[in-house]
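Both complexes below contain chain A, partnered by chain B and then by chain C.
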Partner chain A sequence: MCDWCEKYGDGYERWYFNPANYARRLYKIRREEAESSGAETNPQAAGGMAVIGPDFQEARDQGDLEKMQEIKQKAEAASWLTHFGQVITLEEALKIADMIYPIGLMTCSCRRSMQGYPSEENFTCMGMGPGMYKWERWPDTYRGGMHYLTPDEAKEVITKMNKRGLVQTVFTFGTPYLAGLCNCDYPDCAFIRTTVDFGIKLLWKGHYVAKIDPELCTGCASCVSRCQFKALNYSPSKNMAYIDQFQCFGCGLCVTECDQGAISLVERAKLPALANVW
Partner chain B sequence: MLPTITVDDEKCGDPLSCRKCLLICQTHVLGLGTSVGVKKYRETDPQYFVVRGVRFDKCTGCMDCVEVCPNNAIQVSFSEGGAR
Partner chain C sequence: MTLGWKYSRPIKDRLLTLEEPGKPLKFDAERGLVDEVMAQCDIKVLVESLKGKSEKEAEQALMNFGKRLMELTIELADTKYMDRTGEMLEIVAKQTGISFPHRFERYVELATLASRPTDRWNIAKATTKELVFQVSSCSLNKAMAEAGLTSPCKAMCLASFDAAAAKTGDKLNMEMTKTLAKDGICEFTFSLQP
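== the complex of A and B ==
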């Protein structure tokens, strides 16, 4: 079982369907000093490197496995306590949009820091819950401003992002408080990149794993460009898509792209070898 | 082999609107941070944005960023045995 569902699910099918995890009582008033002296303002932390410094890259370059493991464990522990994410499917994201209010569309700080996108081209992130009412206090975090969305508008925006090829994710801000619904891609999402490049799990895999029906797959390969996790390729010898299910994050982007209906999502929990691969 | 990537912040005035180096890098090594903290009720002035080689483990040493910088603010070097 997913650790977070076990700890914070409280009987709900998923921890992110438990309304208590979005509740006001979990919202922490942002402290001025603690935040401004934190890693997020460190230039080296640009691109969401907040919990991993250059020492990890150096340790890996030197083949220092022990050091790498030590940094990984420390970074994961810190992230899981304060700010980490999990991949969700489009369907799950739409369900959340119906649960939580308010939802605000804002600019993505990862993409700003990695590509310097102008605000008007960068509205891909969503904030949820009581924190959104305070956004004007922190104009730098909400650079570009905030568009409040009705549940229907939010669902429309999420569906459009999915169509564009962006992965839906939820993020904690002081675990288990859920306040971010992001639409991410490799390599500019700091969380996807750190997780995929370094194997440091700041982004948990979702509750599903994609599966190909060999009878239905025509080998058109339209799904291949959808995978942001290096889990999907086209095999010319089979003339079919191939999914590395151990690497699959279960976002379902390949599923929504397949015109043949050849890809489906199966529950991670039902596959013994994958049930604990997060 | 890891590179040493240095950026002269004095020469690099407004990377958020220039962004030439960010866009030219094949492997998205460079990233923006700020040299000041996040302040309440205030947006960080673009002059305080800085470029760093955040994902330097993916630097191939192509020098495209060095060449594209209009202010010659970026230096990239590789030295045998020495990490950064």
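== the complex of A and C ==
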């Protein structure tokens, strides 16, 4: 069980299956003074992508491990309070889509800022829950607009994105409020990059770990390019794929790619060495 | 039947964009709504009127008050005090064909804010099948206790919820799953009838 399941699971198998973590009031009484609507009220801007700056890179270049550790700890603490993510499997994402309403398809702010994707080619992110009724409050985050999906339509879109090689993740917007169902990949996703490249845990590993059956693997290596976390490699000497399970985030993208059925997901909690590797 | 969504492209005929960029929008409940509802549906006046009434009469008065409160809230919230959250909620319901839980929840929240603005309450669950509304501090319950009245105040809440469901057309099972007296919170669970 991950820290978040312990804190916010409330008896559910996973914290992201607990409907309370998606439920919020729609209303408060309007304040007389002007409401703030800028970046300071937007957890996505306040946390997540803005938590590390060039000082981390400078410290890294100078080999200042102490400084790096200090920045890392601050960044993680800030992110875990406001905006961080966890990897989920396709099946888990489909279960969430059936449970939470409304779901809006929107542009991905990571792909916009990291790769400069134009809005009309960037509808790969999903927002969910009551906050979606207020998307116009943050026009910059929701640049390009929004369209809403029924649960069945959302499942169709998620499945399509999974097939294209995107990892499903859930994100908090003021922890434990979950309001993002993202479809991420490397190097577009700021959270995957920060986590994998810098070791700053803004994206938690999922509850599963992938495992290869050597008897079934034919060495086609089609799974390798699907891995967004640098956990899958191909061994030419053995003509077989192999997984660094400590690096595996348990998204299951490799599982859906393998025609031989050689890869399966096992529960992280059942592997003693990995049970606390998040 | 599929959505026909092409990877990473917007669905043109369903895309919502900013109608008037730069125009400030009001997403929260208006103070005016609270003032007008409180002027016409005052909890203190209600509690005063219950004194000396039989249990049955008091229950009926609470039900009448709840119904009147919700109808007034709906009337004002959908016209004079229409807010952007409410407008968007209707747009989304039209786009998806799904009404519950948020159209109903909107009226429940606004009636609570308008009649008991200092109460503490929470939405504990809001899925397309179930809504759980919790009240941990209730000014009606408190005022009735202070006046020595023992009539079940849930009659007021349930009548108001009935009026909200009648307006949205949602066919709901309504259950009071916890009470302030016993559990420290009142909890109402609304589930969509199959």
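Assume the second predicted complex is superposed on the first by the 253 of 278 C-alpha atoms of A that agree within 3 Å, B and C clash if a C-alpha of one lies under 4 Å from a C-alpha of the other, contacts with A are read in each partner's own complex, and residues count from 1 in each chain.
Convention: a contact is a pair of C-beta atoms (placed from the backbone, for glycine too) under 8 Å apart; a residue touches a chain by one contact, two chains touch by 3 or more.
Predicted model, so just to flag it, every value in this text is computed and none were measured.
In the superposition on chain A, A:114 contacts chain B only, with no contact to chain C.
In the superposed model, A:100 makes contact with chain C only, not with chain B. In the superposed model, A:188 lies in contact with chain B only, and not with chain C.
Within the superposed three-chain model, A:147 lies in touch with chain C and out of touch with chain B [touch as defined at top]. Touch criterion not met for A:199: it reaches neither chain B nor chain C. In the superposed model, A:261 makes contact with neither chain B nor chain C. Put chain B and chain C next to each other and count what each touches on chain A; the higher total goes to C. By the touch criterion defined above, A:174 lies against neither chain B nor chain C after alignment on the C-alpha atoms of chain A. In the superposition on chain A, contact is made by A:139 with both chain B and chain C.
Shared contact residues of chain A with chain B and chain C: 32, 35, 37, 136-137, 139. Residues 32, 35-37, 40-47, 49, 54, 57-58, 60-62, 112-116, 136-141, 143, 187-188, 193, 197 of chain A are the ones that touch chain B when the two sit in their complex.
Listed in rising order, the residues of chain C touching chain A in the complex are 2-3, 5, 7-11, 14-18, 21, 24-31, 34, 84-85, 88-89, 92, 95-98, 101-102, 105-106, 109-110, 113, 117, 121-128, 130, 132. Against chain C, the residues of chain A that register as touching in their complex are 19-20, 22-32, 35, 37, 99-102, 105, 117, 119-124, 129-130, 132-137, 139, 144-151, 153, 156-157, 160-161, 164. If you check the complex, the residues on chain B that touch chain A are 1-2, 15-19, 22-23, 27-28, 30-44, 50, 52, 54-58, 83-84.
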